[in-house]
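In what follows, subunit A forms one complex with subunit B and a second complex with subunit C.
On to the complex of A and B.
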């Protein structure tokens, strides 16, 4: 290959790569998920919202979560996403357990797997009680 | 009058020649069979999807607040909205069924073999693109069914090591299915995929026309065509003309499928629209018994039977890759099923596994 041809091919290739990047990068950024309300986000709930034996569902870092008062003053919070294939668990007040409607995974009030296909406990979230408020996250 | 129009056009563009080459003087093998009409059936059904789809777009609103109610409005208030929507929904299911039949016939008759590898590969891409159209279209009504079926389907990508979580986020445009998922699925469903689809169909048809229709590998006078080491169009001297003979047969089969489409639309519109499709999406409540559409049940079941999702996903990828590259793996020129016992056995096993997994997935 003549050196002039080599030079031109290289120059064209380089220009092509620059242009492809200039076009590709904005498209990539445009399509990428936007920053969610931060990994740092914390949520405060009123204690009245979570009476004894009741599960309260809320949105946390973009995803469904649940907080439960299992015995007086004892709170548990979890991601409400089943650890099997990602359905949202429901709280059964009578049975005092979480049930996943997809493949009947069952979880105890503290998140342990009771039966069914889920491979691990519900992902728990830290809860702190501050006066009349619950801080989650 | 038609003659005068043709004369007028012929004088300027020489269309008589083109028409003759492609219709009356375009000869097909004498023993051509009904399976060769399925491509024309697909073209018709896709044309109908485009037409009903464009009409639905007039009233459909792609936002989480309005999507569900706009579809209810199309169904219940706009005159004949129910007809267009049901035709579009039932049509998509029928298309997948015909696509599978079309593919099975190409497999059974060995028409994917040299020199038709590119026809096969482009067809396989079309099948995947069609499934992509089904998947993206399913989310648009923003019902409980849409929302959760999409959640489960996109979740599967999470099983890929390292990239999984990012990939799921990229597909959804966020951590969970939401407004941004609807936006990207809508864009793909109504513009991105159809455009690609049109280009690929054009290429697929170009391949078919350029190589020539394969001779069905049946009957006593079938002789395997010679291998050529330069381009060769497969002619069928003494064959039957495409027009009017074969087109009449195609029109018959197309009418059959249109009748089936209309019959399901009128008498069993709920066949593909389960009750959860009539409840607006609620990200906090997963309804019981969410199942993907019938043609994804096999994949859904594969994910469930393997101990890890990653293994299930890997099995699917391997199966699809083998199918895509089949012409490059199975390279013997023999096309007669009676002389390919191993292939026919695998073919039947493959169908049985697909059907078995689907039924299992449906009832599990």
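On to the complex of A and C.
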């Protein structure tokens, strides 16, 4: 009788431990702080690649992004995905604005919505100037 | 107490079955354009009836978004000072639609269709219709419509060239919609597909078969990346199903073991 109870109790305890782990793992994953982007997840560009008034398009974490020098030494970087339906915006240097070719959403050089259907500004990305390089992300 | 509970349930049921687009529908009906034109029989009221059920209506694009004017004031609805444009002439249609559909219009103007504008060439509404416009599909390229202006051969070549990519896009849209129904946030995937689809449709508005063939690989590649992301989500869901099944089995096993343990204690007491 004793060994039977011991077996049942041990088996029950083992199953309980597995179930507790299965229940706790998603909670742990959800509560764990998100990883900070490492150096390798940032994009480094030469400042020369982004002359004044020119928008430089690049891939950031697999998505299209753009950096612009709107006035001397002032850089803005954004996701190049229009906040309306997800098309890729274009930079119009003469008008000094971004245009979404799908439904004519227009954005200012600092990403604000000027007109059209986009519900919010372009998602901005942090830009840091270090020596002669731009660190984005 | 019972009354309060009853009312709360009533309110919850009311909110549950309340159509979600009530306010949008009300806004649409509140424009003076629809209040006036909607009640007029014949050609003057027809655009409202055609527009109802169109893709523009479903996405909240109202009369004044295209035709201008003040939609809140009967007196100023047709006022040029409030931006009223009225209906464009045949040759002005592409620019009229192109105020919103910028990219596609650019490619249209460079195409044989656009070059022939004003000389019998088609404008946007020739293929897409005007007020009853629906979501565009490759079915718009068909012998009945294309042969109104020219032989079908070249149009058929374009249709064949785009068929594979169009089918790929439709299948991805179906997969993403299925993921969305399961509660996955698919907004980024939907945006990516929409973007590729729009770029691809710009391409075939060039009506240049060779260009379509040459650039199709690039689109297939972009769609392949999205398909990879969709497959990763589907694999994650499949893994969750396996884990869910395993948890259910373990719970049943735990129940059986608990029962046996309880029984052994009861037998010990009786013995």
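Things to note:
Throughout what follows, the second predicted complex is superposed on the first by the 97 of 137 C-alpha atoms of A that agree within 3 Å, B and C clash if a C-alpha of one lies under 4 Å from a C-alpha of the other, contacts with A are read in each partner's own complex, and residues count from 1 in each chain.
As a working rule, a contact is a pair of C-beta atoms (placed from the backbone, for glycine too) under 8 Å apart; a residue touches a chain by one contact, two chains touch by 3 or more.
Worth saying up front: this structure is predicted, and the values here are computed from it rather than measured.
Residue contacts after overlaying the shared chain place A:102 against subunit B and subunit C alike. With both structures placed on the common chain, the touch criterion links A:61 to subunit B but leaves subunit C unconnected.
Residue contacts after overlaying the shared chain place A:114 against neither subunit B nor subunit C.
By the document's definition of touching, neither partner reaches A:129: not subunit B, not subunit C.
By the document's definition of touching, both partners, subunit B and subunit C, reach A:85.
Contact with subunit C, but none with subunit B, is seen for A:8 once the two complexes are overlaid on the shared chain.
Once chain A of one complex is fitted onto chain A of the other, the partner contacts of A:19 are limited to subunit C, with no touch recorded for subunit B. In the superposition on chain A, the residues of subunit A contacting both subunit B and subunit C are 62, 85-88, 100-103.
Contact residues on subunit C toward subunit A in their complex (touch as defined above): 99-104, 106, 187-188, 190-195, 198-199, 202, 225, 243, 246-247, 250-251, 253-254, 257-258, 260-261, 264-265, 267-268. Those residues of subunit A that touch subunit B in the shared complex are 31-34, 36, 57, 61-64, 80, 85-90, 100-103.
For subunit B in complex with subunit A, the touching residues are 148, 151-152, 155, 158, 169-170, 172-176, 178, 180, 184, 283-290, 303-304, 309. Those residues of subunit A whose C-beta lies close enough to touch subunit C in the complex are 1, 4-5, 8-9, 11-12, 15-16, 18-19, 22, 62, 81, 85-88, 99-104, 116.
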